[in-house]
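Look for chain A in each of the two complexes below; its partner is chain B in the first and chain C in the second.
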Partner chain A sequence: MPLSQAVKDLVVNEYIPRYPTKRAALVMALWAAQNEQGWLSSETFEEIGELLDLDATDVNAVASFYTMFHRRPIGRQLIEVCDNPPCLVNNAHETMQRLCDRLGLESAAGHGGGTTADGEYTVRFAECLAACDMAPAVQVNYRYYGPVRPDDVERFLANMESFSIETPIPPVPGQSGPPAGAAATPAGMVKEG
Partner chain B sequence: MAQTPPPASPAPDGAPQGAPPPAVPFERVLTAAMGQPGSHELDHYLRRGGYVGAHKALTSMTPEEVIKVVTDSKLRGRGGAGFPAGIKWSGTRGNPAPRYLVVNADESEPGTYGNRYAMDTDPHMLLEGMIICSFAVGINLAYIYIRGENLHGYETLELAVRQARERGYLGRGLFGTDFNLEIYVHRGAGAYVCGEETALMESLEGKRAQPRTRPPHPFQVGGGLFGRPTVVNNVETLMCVPHIIVRGAEWFAAIGSPNCPGPKVYCVSGNVNRPGIYEAPMGLLLSELIFGDEYAQGVPGGRAVKAVSPGALASPLISGGELEVKLDVDAVRAPPYRTQLGAGGIIVYDDSVCMVELLLRAEQFFAHESCGKCVPCREGTHWMVDVLRRITAGRGREKDLDLLNNVAGNMSGLPFHQRTLCALADFAAGPMMSAIGKFREDFDYHIREQACPQQRQLAHA
Partner chain C sequence: MAATAPPTTVTLTIDGQEVTVPRGTLVIEAARQIGIEIPVFCYHPKLSLVGACRMCSCEIQMPPPPGQQPRPPGILTACTTQVAPGMVVNTLGPQSTKHREAVIEFLLINHPLDCPVCDAGGECPLQDNSHAWGPKESRFEEHKRLARKGAPLSPLVVLDQERCIVCYRCTRFMAEVPGQAELDFFSRGFSSQLRTIDDQPMKSHFQGNIIDLCPCGALTSETYRFKARPHDLDHADSVCAQCPVGCNMIIDSRSNEVVRVRPRQNEAVNEIWLCDKGRFGQYYFSSKERIAQPHVRQDDQLRPASWSEAIGSAAVALQGVKGRYGGQAIGVIGGRNLTNEDCYALARFASEVLETPNVDHRTGARHTAANPLAEHGLDAFNSPFVDAEGAGAIMLLGTDVYEEMPVFWLRIRKGVKNGAKLIIANPRATEADRVAFHRLRHRPGAELAVLRGLLAALVESPPLEGPAAVEASPPAALEGTQPAQAPPPPTRDLSGLRDALGDASVEGAAEACGVTAETLRAAAATLAGARNPLIYVGARLAIRADAPGLAAALVNLATALGQRRAVSFFPEGANARGAALAGLVPGEGGLPAGEIIAQAAAGKIKALYLVGENVLATHPDAEQARQALANAEVVVVHELFPTETAALGATVVFPATSLGEKDGTLTNAEGRIQTVHYALRTESSARPDWRILSDLSGEMGASLGYAAAVEITRDLLADVPAYAPLADGAIPAEGVIVRQHGGEASDGTGTGGPNASWGAYVPIPEGPALAPPPGQEGLTLVTYGELLGDESTLQDVPEVLEMVPEPYVEVNRQDAARLGLTEGRLVRLRTARGGVERRLRVNGRCPVGVCYTPDNLGRPRVNMILDWAQPFPTVTLEPVREGVAAEALAEAGD
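This part shows the complex of A and B:
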């Protein structure tokens, strides 16, 4: 699916003028593209490259360095459980186990994660989310929730917002992303990793 | 966090001449607005005296005077290195324009989360610090680099920048002077190494986040952002600045440790009853932070403290018997502790935590986050994970501890650039060597019994 004119306009009119080089707008542009498309395809790399005078190979070489850019479709709701030491000693693995059990996933070990057959959820571990006082800390589509203790998992899946630790702030076009559940997920879901 | 300063003891009448002055009660300034609804809004900040420091600096002081006040305050960087802010600023100012300011808001060190609260609560305090710094150094373009995961912080900063721009606190001719400043907020996309200042600048330039060779240093031509002289400061460092300008260098220098003064936001996590952020004078005793009623209130179930990461996960561990240490940059570096304060993230582990399991998860983090540019880090982190995995899987060998010490020793101990371009290798090696040195019985048990002393699997095999 080609990038919309709105995203291209954002890159050209908003992001590029912020920096002395075109290239510096790359990560912000990739964010805007991923928030629209749900993931980053080779075609998207070509389109971004054209806007910034970069080879698609070069764009890919940068995008693939960063863990938050997806090279394959993922679930509409990306649930990430931190299991770095402050969360680890507060039973993050038990929280993950209960999440996987509840969603019918065999395992979400490591950064690959697991995706439900209906494409609704992708579950994976995250490195430290800087919410160590909310251990175990969880993000869903990069929104902060916590603490989500093992016994909270049922309630969390039924009503995530009651675990939110964010105050309402106006969204930023291109960056805030679609609300959870609204992203279009192409067919042919595959496990990321 | 509920935190009240101790009541001031009134000076007794007829106190003898030469008696020490009564202690000034500590006043929280960096976290004063925490918990107040709407504290991130410009009007809320103005009602609390916001932008008074920037107004004062720009309309009644020269850049040199601002730098002198910041130097005299003895403000040292809060990101971990503890470099004097005034010296960094004057060094950058001495090099030709254009110069840039970059705020390091990449906060990703396991155990640190103070900047997240600071930016959520008081984004305008950060912008005000940036205005004062930019005026002092002669900078007209500044960036805030915030980690990608902190989307909420990004949105909060975007709102703050927009409000500041609309009301004339950013843009052209600030406070009726001819000083111009533009600030942009830039998102990362998931890479711990971006917390290292040269990797951060590479990332901001649209490249893979891999550290640069120094010299040239960031404050020099060729070494900074887009090759220009650049100040890279931590969020908390810049948030101290408006208060220093308003209240004076002497006020700041009199708080806490004389060689590293000022208020400090400590983050406590792990096995404690009340994890949270606590602002206190730099140099607070670790034992008070863990057990004090005003702070983390001890360990759940009354268990013993087995170990502490005093400067988040990258700092060499200290044992439960070493809690009477002052939490300032120099005191934790000194023997017998020989560790580091980092950005002030204190992780507490109780006596149910097996240090072998803990180190496996820690080294998995560093292996995942190594950028791959320098061989000792790229190879060493993965070797440590492999050996630790073998031990936790019940196949450990007696000589594995020497092997771990050898690998870690080859990753660390020399000044930067003699082995690796940044400190990530040292960050991975320090906890490893300290764990074997101080908690050897856990490793010995694993190898001898081929089982975990806690019978509890924490990490992935």
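This part shows the complex of A and C:
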């Protein structure tokens, strides 16, 4: 599916002018494209490359650096389970195992997850989500939940809201809100790994 | 503002030695200048700096600010650190040695150390540096990372991901030198993977260079893999004869077989690069398909014969024709891919033995002037290759330089990176268009109108006197002067040009060539405003019927721009320049090559002498060539391979030796004569062309009397005026540029020749109308040669053949939609003569109404359906039904 004119306009009129070089707008452009398309196809890399005067290979390589950019369609709900030490010692692997069992996905420690056949859920491990006090911490579409202990998994899937962590996100100084296209992402707490 | 300029040099100390270098020099280069080698992996002088490997780390200490204690030395990378006054560098300090040891230990953690089965073994910087700097033992006990091994990046280049040390040399090369970023690192850190998008095979013509650049065995050559160890190889210095760049190369052979080809550094020609045809296309020297012995025709069949029989029958046959009809009834074609020695022997043979003026090396040529610029007192190519690096504007007219002279394209790209504005005039988009500043998409065959348009635009707003003055000069501005107040520089007097142009207007030219007047004016302004504008013209234009007009228009353009030497024509073959200098050009009253064939078809030329010219595949009208072969009483052929020309028409076939078996010289496009040395012994009975000619001339009673190539070199250098400065026989290793016009062998900076007077504009002769009239029905066919065409030199190497595109025809999306055709369909390309099948490519490269097909790809060649009288025929495309599987494939690809 080609990118919409709206996204192209956003890149050309909003993002590119912000930076001294076109290339600097690449990650923003990818994020906007993914927000529209759900994932990034080779066709999208071509299109973004054209907008920013970059080779599609270069665009693909940059996208591949970030785990938050998806190279294939993902579920409508992206569930990420932290498996860094504080969460690990709080049984994150077991949480993952139960999630996978419950959703009918194969799981092995370190390689957990996958996407359900109905395209509803994608489950995967994440590096430290900076919510270690709520270990084992989980994100669903980049919103925080926790702790989600192995025994909580049933309840969690049935009613996620009850696990929601109230973390008011302070606005980034000098910016009127979270970055465009990142509405669901708490700015300043974007997972990096 | 203070006017004291900072000193331009810097003095520093490296390992106790003082050295003074220009400001901005990198520490690593400063060290190199005094013979100190700092180990590197990622650093490469031809590539940008990344500082990725840290191998070059040195102890570097800066002098303390006045009155302060010196600070201890820091560990800095010598490859990214610029020299500074008073800097003290210790390349062997204990800290840096320890640091390097650690770098190696880290690099080897995941490196498989499979040197015994690695092609790089024995010539591997990682191996060498590990021995020199690495720890004796690794402390790593865990499992090594496993990754892709033997993974093809293309049919030519194989990746071993486990061996890769992530130095980014390959990715930087692809992105920076040819500008085709086909490779990059995907993912990151431990799991970094060198990949192409969607794992598509690489397509660049320059892939082989990344194998040379890789500092370990991560990238290897499919054609050389597991063939030999470097110490098993014999080496010969040679020069590539696959195109007129004349790249310097080393032929590595083992047991008298070519196993690989490497570039030989020549900064003036190929720097350290080769294109993939040069690198992977030399295996034909050892081809099993080569003709091994002479053949003569008997009862309409070629049968093997001894040399004495073949020479004898050729001599009798040629004598017969000469006796019956005179020398003018013989036509000689060949030389563009031979050595100068072969060319000189052939030229002498034609004039002294056959006594014919009908000699030419330019297959398909329609007019006699081998160098269309000669009558204007200029060489065909008037500037050294390196000049392209410093040009302010570069115009490419009628050439797909990426296909025609690939390694020279890299030089042009360098010029573009240095700020040259690239102007491309071509009926279709080429690779070079990606970095073009102006694209003049003109009607096929309308080049002359484009040039008239540019000239008319210059007359409208004449360029200023002294092109350098036109550019706003930043240094002056920096010093605070007011450039605006300087008196306006005088404009150049173009009244003579106005006369030469007659009543041509920009609008009129725009109408005739299909480029908008606006674009013509913009391109002319760019040329006029540029320092050192250079104009390169494709070889096909030099042999076309309107070449004299093009040459006159180009000379006028160059004169108007204030740089008469700006124009250069590409030659029609690897050694076409050498062939022309050696005398393989039509003599007094002689015919050009194209006419020789036309006249033979008409029965006027009775004998053809073809040296390495498969005219059935290369003459732009195969039917005419077929008739020529049928009607000629005698056809003598020198060939490497059995060709359709030999099979159909040859009376006698002489097997010739290939470049890899020859000593001699070649003269490249810029007129640089370079020496080639033989790499292989000839195992069959094939003989060098000059030797065949010498033997045959003896049999015909007028022996050339040559027994060795050096004797011919000596005669050639003494006899051809352009080579006179070399008559003592010493050709320097990097070759030397010779000039036919403008006097002595020079670096090309001399002034014009005797007739190259300034300001003299020449009338532009009207050529025949080539372009089909605008607004015509149907598609106009444009053809051109591609690098990987002429597959005969590639035929033994399946990997290289895989790179050769399936013969295709390219049309615009709109035309395809109108015709209901889709990408990947097999179509029949038709003229009144018949049709050839081609795979359809649908894209935006051709404008609407134009289609393109390469004329050196596929059997039958497109010349099967071309007519000598119609260089730009109107064609139709019709779908061809294929087997169901193929049909489905094509649909899936839509």
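One rule holds in what follows: the second predicted complex is superposed on the first by the 160 of 193 C-alpha atoms of A that agree within 3 Å, B and C clash if a C-alpha of one lies under 4 Å from a C-alpha of the other, contacts with A are read in each partner's own complex, and residues count from 1 in each chain.
By definition in this document, a residue touches a chain if its C-beta (ideal position, glycine included) is under 8 Å from a C-beta of that chain, and two chains touch if they have at least 3 such contacts.
Given the structure is predicted, the values throughout are model-derived calculations rather than measurements.
Judged by the touch definition given at the top, the superposed model places A:Leu10 against neither chain B nor chain C. By the touch criterion defined above, A:Val140 lies against neither chain B nor chain C after alignment on the C-alpha atoms of chain A. In the superposition on chain A, the chain among chain B and chain C reaching more residues of chain A is B. In the superposition on chain A, A:Ala131 makes contact with chain B only, not with chain C. Applying the stated contact rule after C-alpha superposition, one finds that A:Leu78 touches neither chain B nor chain C.
By the touch criterion defined above, A:Phe45 lies against chain C but remains apart from chain B after alignment on the C-alpha atoms of chain A. When the shared chain is aligned, chain B and chain C each come close enough to touch A:Phe65. Of the two partner chains placed by the overlay, neither chain B nor chain C lies in contact with A:Ala33.
By the document's definition of touching, of the two partners only chain B reaches A:Arg18; chain C does not.
Touching of chain A by both chain B and chain C, each in its own complex, is seen for residues 61, 65.
Remark: chain A residues 18-21, 23-28, 30-31, 52, 61-63, 65-69, 83-86, 88-90, 93, 109-111, 126-133, 135, 139, 142-144, 166-167, 169-172, 175-177 touch chain B in the complex. Taken together, the chain A residues at the contact with chain C in this complex read 42, 45, 54-58, 60-61, 64-65. Within the complex formed with chain A, the residues of chain C that make contact are 175, 180-188, 195-198. Chain B makes touch with chain A in their complex at residues 37, 40, 107-113, 115-116, 120, 147-152, 154-156, 158-159, 184, 186-192, 203-209, 226, 267-271, 275-277, 309, 313, 345, 347, 349-350, 353, 358, 361-362, 365, 368-369, 371, 458-460.
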